[in-house]
Every structure is written in C-alpha cells, then in structure tokens.
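Note that chain A is present in both complexes that follow, paired respectively with chain B and with chain C.
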Partner chain A sequence: MNNLTLTFTANDFMLMLQGAGITFVLTIVSGFFGSLIGFIIGWGRSLGLWWLYYLLGLFIEVVRSVPLIIQFVLFNSFLAIAGYPIDPFTSGIITLSIYIAAYVAEVVKAGIDAVPPTMVKAARGLGMSYFQCFRFVVVPIGTRSVLPSWTGLMLGLMKDTSLIAVLGASPPELLRSSQIIITRIQEPLAILIGAGAFYFIMCHFITVAVQRYETSWASKGKVTA
Partner chain B sequence: MIKIEGVRKSFGALEVLKGIDLTVERGEVLCLIGGSGSGKSTLLMCINALEGIDAGRVEVDGIDVHAPQTEKNKLRQKMGIVFQQFNAFPHLTARDNVALAPRRVLGQNKVETLELAEHHLAHVGLGDKLDHFPSELSGGQQQRLAIARALAMKPDYMLLDEVTSALDPELVGEVLDTLRLLAEEGITMIAVTHEIPFAREVADRVAFFHQGVIHEVGPAKSLISNPQMERTQEFLGKIL
Partner chain C sequence: MFDYRFQWRVVWKHWPELLEAALLTLQITVLSVVFGLMIGMVLSVWRKSDNKILYWFTATWVALARNTPALLQIYLAFFGLGALGIHFSPYTAVLAAITFNNAGYLAEILRGGMDSISPSQRGAALGLGMKPLQMYVYVIFPQVLKAVFLPITNQIVWAMLGTSLGMIIGLQELTGMTTFLQSQTFRPFEFYLAAAVIYLIVCETILIFARLVAWRAFRW
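Here is the complex of A and B:
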C-alpha cells in the first residue's frame, strides 16, 4: 500500500535511516581495514628499501588513478569470472578498503617523515631498538601531525561508499535509498536535502569524535615538530 | 675505555673522517674542537654506531662497536648521547621523557622509572617541571631534560654533540653548569663544543679537528693557551 502513495511516508524515513546505517557501517568497516592496510603499506615505504618503495608506490598510483566506480565493477566481475562470486557488500567493502588504503598509505608515510631524523637518533641513542623507537616515538609523534589529513580521508570515504550502488548491493545505502524514494514521489529537492542532512550528521559525528581525541592530546602536549 | 683506531668515514664522495686515532680513558673529559664540517660530530655517531664506519676500529670497554655480532642497542645503553637539537619527545612530559627508555629498554617497573625520572630531573634543576611538556620549556630547559634523559640510563659515557649551539646566549650558562656538575661526578665525557673557555676549564684533554684529521691532541690548558700546530693557532686565533 505504502509503495503506491506519492508522498513521503514513515516507511520512507525508515528506509533512509537504514541507508544511513549501511553507509556508516561501510565507512567504519572499510575505514578500519583500509587504515590497517594503509599503515602497513606506508610503513613499508618508509623502510628505505628501494624495490619495496617503488612496488608499493606503483600500487598506490594505480589505485588512486582508476576511478573507484570502475574498481568496484572490475573487482566484483573478476571474482565472478574467477569462480568465486561473493555478495556485493563484501566485495564492495574489500574494494573500498583497498582504495582508501592507498590514500592512507601516503598519509602514514607523511607522518613517519614528519618525525625529525635526529629525534629518531636520540631514541636509538638511548638504546631503543628499531621497533621500540617506532612504537614509542615515531608513531605517536607522526600520528599527531597527520590525524587531520586522515580524518579528511575518512569523510571522503563515507561519501564514496555511495558508489557501491553500482553493484546493486541490498539493502541500499543512503544515496541509493534516497534515489528509490525520489523515483516514486518525484520530490528530489526535499529528499536530497534530507539525505545531505544525514551525511552531515554522520560526518560531524566522526569529526567531533576525532577532535575530542585530539583535545585529549593537546592537554597532553603539543607537537611542534 | 674508548679506543679509536684509523677510523675512516665517507658520505658519498666526501671523506669526512680520514683516519682518526684517539683514546679516551674512564673518567676523562675530552673536548673536540674545530671548524664546522671537520668531522667532529660524525666521529661521535661512529662511537655509538649511529653511523657505520668504512675502515678502522672503535672499541668500547674491549667491545668492537662495529662488528656485525655486536648488540648495538645494548652498547648504546651505556653511552648517553645529547644533540645540538634538543630532541625532547614532544608528546611526553618531562618525567615521561626521562622514564621512557628505562621502562621500555631496561624493563624497569613504572613506579620505579617515574621516581628515577624525578631524581634525574631534580639533578639537572628541573625538579619543578616534572609535568611540563617540552613545548612549555625553554631551550635550555629542554637541553637539560635531554641530559637527564641520557643520564637515567646510567651510562658510563656521555657523548655531547654541540649541546649549547642551538641555545640563546643567555641560556648557554645553565647547560654548561649542568655539564660541569657531570664532570665533577667523574662521568666520562666526549664533548664536541665551540665553547673554548668551557673546554679549557672543564676538559682534561682537547683534540683539534681540521678537515677530517686530528691535528693536535693535548692537555686542555696547554693546547688552548699554547697551540703547537699552525692550523690550531689559526683556528683558536679566529675564535678567541
């Protein structure tokens, strides 16, 4: 019955809310795995092994140059052709994770480079091993200097999740669910404003969460390096 | 005892150390003087293996520093190093800066290392700055923090690389005072310095570097007031 009405109903709202939830989960899950992979790649590029540096650099260039929407389709088709079809959500999350990992890797590399070499020498001079120095000096200092860039990546990722629609993943994420409603009730302006508000609220949530974290550091010492 | 024999070191085509021989006894204070780029700072890094060497041998208490099987992390624990840039860890309070290495490297327990840190900070006159972050400290205070941090590892040797060069003139004194204190306590020190009056007062011996070679080594007072080599006379004439 609802599907036949031409006005915005409570069910439509629930559909958008569900879409927002999907978008949020997509962002958090692929943001987590993407950051993890990106951290490893960025760290690998900082090791000073030229072949590893260029190999990982090639990966980053390819992933950053090919439009995400093409990557979604290619990866999904590739799995199907290879005989391992998986559901569009999983395939979408893997693609998003790899995609954002390429960007995170560059941020991580920048963070590691932001730590002055003499700071590292001072730490090693105290007898710290490479890993102790990395864990207790390089990571904390580097993280503080690149956290804002990382947050920007995560907000971009949230908006990029809408491209997963090309895989026909169901239930739909926020933008797709909005389009479904628009097609029926022909009120694009109002619905898109609503969808935009949902995106804003979620992005704002992430921004505030990170800012809180940063403030807890600011009281614990600024990084001027 | 530190024994340096025929040490050579190049960065690319540039030979920075051209065969250095030097011996430092326990309890001795040795100052390295000479113009910029003469290889003094590089030699310090070669002593605790922060830099490798191309030829020669560095021995600390009988251990060949640059031998592949030498545990360099362990070796560095007994050789504190302080740099021109203070390198205080910006994300940690003064207390945590000092406590970090004893806790993580030596595996001492947390309470113990915090007390140790308080003790060493008080020693360098920062007893009232325990909870301050480096950004809240002056250059001189940050440098004293770096000294306390090195001392907390209970090193047998201190390597000091132009520790007053980055300081405003009015802050140099407080850092030199701290070093005088260490010298009186009998810690073996090798200090690269441009503070010639300080070298004359505190050092037992002075070595003059010029273009990767030691031109003259001798007792501090006599070398500075009465240098034998022409290069040394020229250098001291310009700087004093």
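Here is the complex of A and C:
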C-alpha cells in the first residue's frame, strides 16, 4: 500500500491535469473580478475629475511597480496583523484581481480614449443620456479596439497565477503540482517541459478562441459608411 | 481589532543589506534588458528573413518565451538544465531565464515597430549602397526604437518585476533578501512594505532614466 513509485504514473498526470484546471479557474475568477474593478477604475479616470484621475493613477502606478510576489505576501500578512486571516487561496485570488485590475484599467482608459470625441458629441446631440451614450456608443467601439490587449492581459494573468505557490495555496495549481511530482521522481526537465506544454496549449487555446470571436464580432458590427 | 505594533527600527538596521539587494535587482534588470534587446533585434530581423530555419527558430523562441510563465522558465534554467549536466548558479539561472523571456517579448515589440516603418526606407538604404547590417544599424533600428520606445520601457519594468522570482530559487536579490531578513526577525509586514517602497523607487528611477536616454537619443 505504502510503496513509493519513482516513475511518472497516471495519477501524476491526473494531478497535473487537476493543477491545470486550478490554474484555469484562478485565471477565470480573478480575471473576471479584475476586469470588473479595472473597468470601474478606467471609467473613473475618464470622467475628467483631476483628483480622481491622479488618485487612481497613483494606485495603478503602485500596483504596476511592485512585484506580484511582494503583493501576495504583503496582503496576506496585512490580513494576518489586522486580525482577519483568510486562507491563502482566497487571499491569492483577491491579490491577483487587484493586481490585474490596475493593468485592465489602463486598457479600459485606452479603449475609452479610442472613441473619437465627435462620435460621443453626436450621440449626446441625438438626445442620448450620458449612460446611454456610454453603453451604446463608447463601450462597443472601445471594446473592439482594445480586445487584443485585454486578451494579452488575461494570458499574462494565467502565467502569473503560478506565483500563488509562494503563499502555499492549496489545491496546487499547475506549476506547484509539477513541483510536487518533481520532488518525488527527480525528473525536473521532463516534468517542467510537460508543464510548459500545458501552459502553452492553454495560452494558445485562449488566443485562438478570442481571435475567432474577434473576427466574427468585427464582421457583425461592421459599419458601412 | 488592530493591536499590531509596527517596529521599523529592525528594518532600518538592515538597511545596507536591502540597498545592496536592490542594486543586485537593478544589475540583473539592466543586464537582462541589454542582452534581451540585442537578441531581440537579431530575432526580429531573422523573423523577416526568407530562410525557413531562421524563421522557425525565432517563431519558436518568441512563442515559448511568451506563452509559458517566467517562473517556469527560471525553474527550467535552474532545475531542468541540471538534468542535462548544465548547472547554473541562481544568479546565472535568473539572468538567463529573464533574458530569454525579455528577448521573446522584445522581438515581438520590435517586429511591430518594423511593420510601421515604410518599406521604401529599406529600398532607399539598400539603393544608397548600404550593406544589410548597415541598413539595420543606421536606418531601420533608430526609427524602430523611437516608434516602440514606450512598450520597451514597459518591458524593462516587467524585467525588473521578473527578477523578484529569483527569490524562489534562493537568489538574494531584493525579494530574496527581504524574505531572508523577515524570517530572521519575524517582521514580515514591515520588511515587505519596505521592499515594496524600494521597488517603487527603483521602478521610477528606471523610467526617468529611460526617458532621459530617449530624450537624448531621439532628437535628431
């Protein structure tokens, strides 16, 4: 029962597959919340209030200049000294969301800036309210122009989820589970290449999916002038 | 609720170590960007070449560097290559992995910049009797670097953040040193906060320096 196998078994493969699933879930969850927060921040920066612009800009600058590892540990130990320790997995997801939100905010800002001001004026001149104009003019046009950069961010986020391992979060994501297997079977090169292949396939899969979506979307919404 | 006592004196006491570690971080960042930029330029030129082997070599490099986590690349350089009998020190492993990563991203950035340069520039340079190398050095790359200057500064910051992964394989750059010191003093929050501030300062310094270089170099 308790014999130690020193070769790569089907169970190991399942562990890595599970790890890839965890990586995927981490990406989806923190990508969703991060995009939501980032959208609000980017929108807030486009309002034209100078103090809000610089306040949110400061937040973005700080998050983008401090390594993710430090942010993980800092947030985790902040919760601990504030007296609200939560499990590393959850605090990891929160940190990842805040981290990616800063990048998304820049993309959202670029998307809003990409909409020609004359278009907005035309929409308002047609009697649309601010929110109608935002919802039906700015968002559709802006999204089309920044979708590729947003995809790039989400791919970056997926790769950054591997850092959650420093918190010792369980269940283990892809890279952590490969580490666990390596510790047992001492075959680092093969396992790491395998893990790399997993990442590669997932990245590739997302890129192709978004590209396909993008082309179908672009042709659907094409304006013939 | 909040009865934590901050103790900053212990951080102050270890200030020299932190500063030294920050310099190491800066050193790896600068080296990896310089090497990465050189390799990236070669890759972006090869990407345009008619030679199938060169094309696929660069395409593979760029795809591998961009589609796998930097941490995995560091693991591969440190643990993985050991299986082939190549043993890197943590410093070399981090430098090699971040340079590999940087070169991939920079090649893609430079390729985007090259697409923005009018093809007649190439024709004009060759028509003036320049050799291909001269054409790239004197005509193409000065314009490309100016066009993609902003993405490159972003990439430099990325490289700096990437060096923090050295902590995981035991390199004592800023993050590694911080982890080491906090495990000795049991003051994680103060130390990591101090590290975050130092990273912020290093980052701003790099950006200001890059802007200075650009201002000096791109005002022909």
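By definition in this document, the second predicted complex is superposed on the first by the 217 of 225 C-alpha atoms of A that agree within 3 Å, B and C clash if a C-alpha of one lies under 4 Å from a C-alpha of the other, contacts with A are read in each partner's own complex, and residues count from 1 in each chain.
We adopt the following convention: a contact is a pair of C-beta atoms (placed from the backbone, for glycine too) under 8 Å apart; a residue touches a chain by one contact, two chains touch by 3 or more.
Predicted model only: the values in this text are computed from it and were never measured.
Superposition model on chain A: chain B and chain C are shown accommodated side by side without a clash. Here chain B and chain C are compared by how many residues of chain A each touches, and C touches more.
Applying the stated contact rule after C-alpha superposition, one finds that A:196 touches chain C and leaves chain B untouched. Once the two complexes are laid over each other on the shared chain, residue contacts for A:81 go to chain C alone; chain B is not touched.
In the superposed model, A:114 lies in contact with neither chain B nor chain C. In the superposed model, chain B and chain C sit 100 degrees apart as seen from the Cα centre of chain A, a figure rounded to the nearest 10. Once the two complexes are laid over each other on the shared chain, residue contacts for A:25 go to neither chain B nor chain C. Between chain B and chain C, the minimal CA-CA distance in the chain A superposition rounds to 22 Å. Common to the chain B and chain C interfaces on chain A is no residue. On chain C, the positions that touch chain A within their shared complex are 1-4, 63-64, 66-72, 75-76, 79-84, 157, 161, 164-165, 167-168, 175, 178-179, 188-189, 192-193, 195-196, 199-200, 203-204. Those residues of chain A lying in contact with chain B across their complex are 116, 118-119, 121-129, 132, 136-137, 140-141, 144, 217, 220-225. Those residues of chain B whose C-beta lies close enough to touch chain A in the complex are 45, 48, 50, 73-74, 76-77, 79-81, 83, 85, 87, 89-93, 100-101, 104-105, 133-135, 146, 149-150, 153, 159. Against chain C, in their complex, chain A makes its touches with residues 61-62, 64-71, 73-74, 77-78, 81-83, 155, 159-160, 162-163, 166, 175, 179, 182, 187-190, 192-193, 195-196, 199-200, 203-204.
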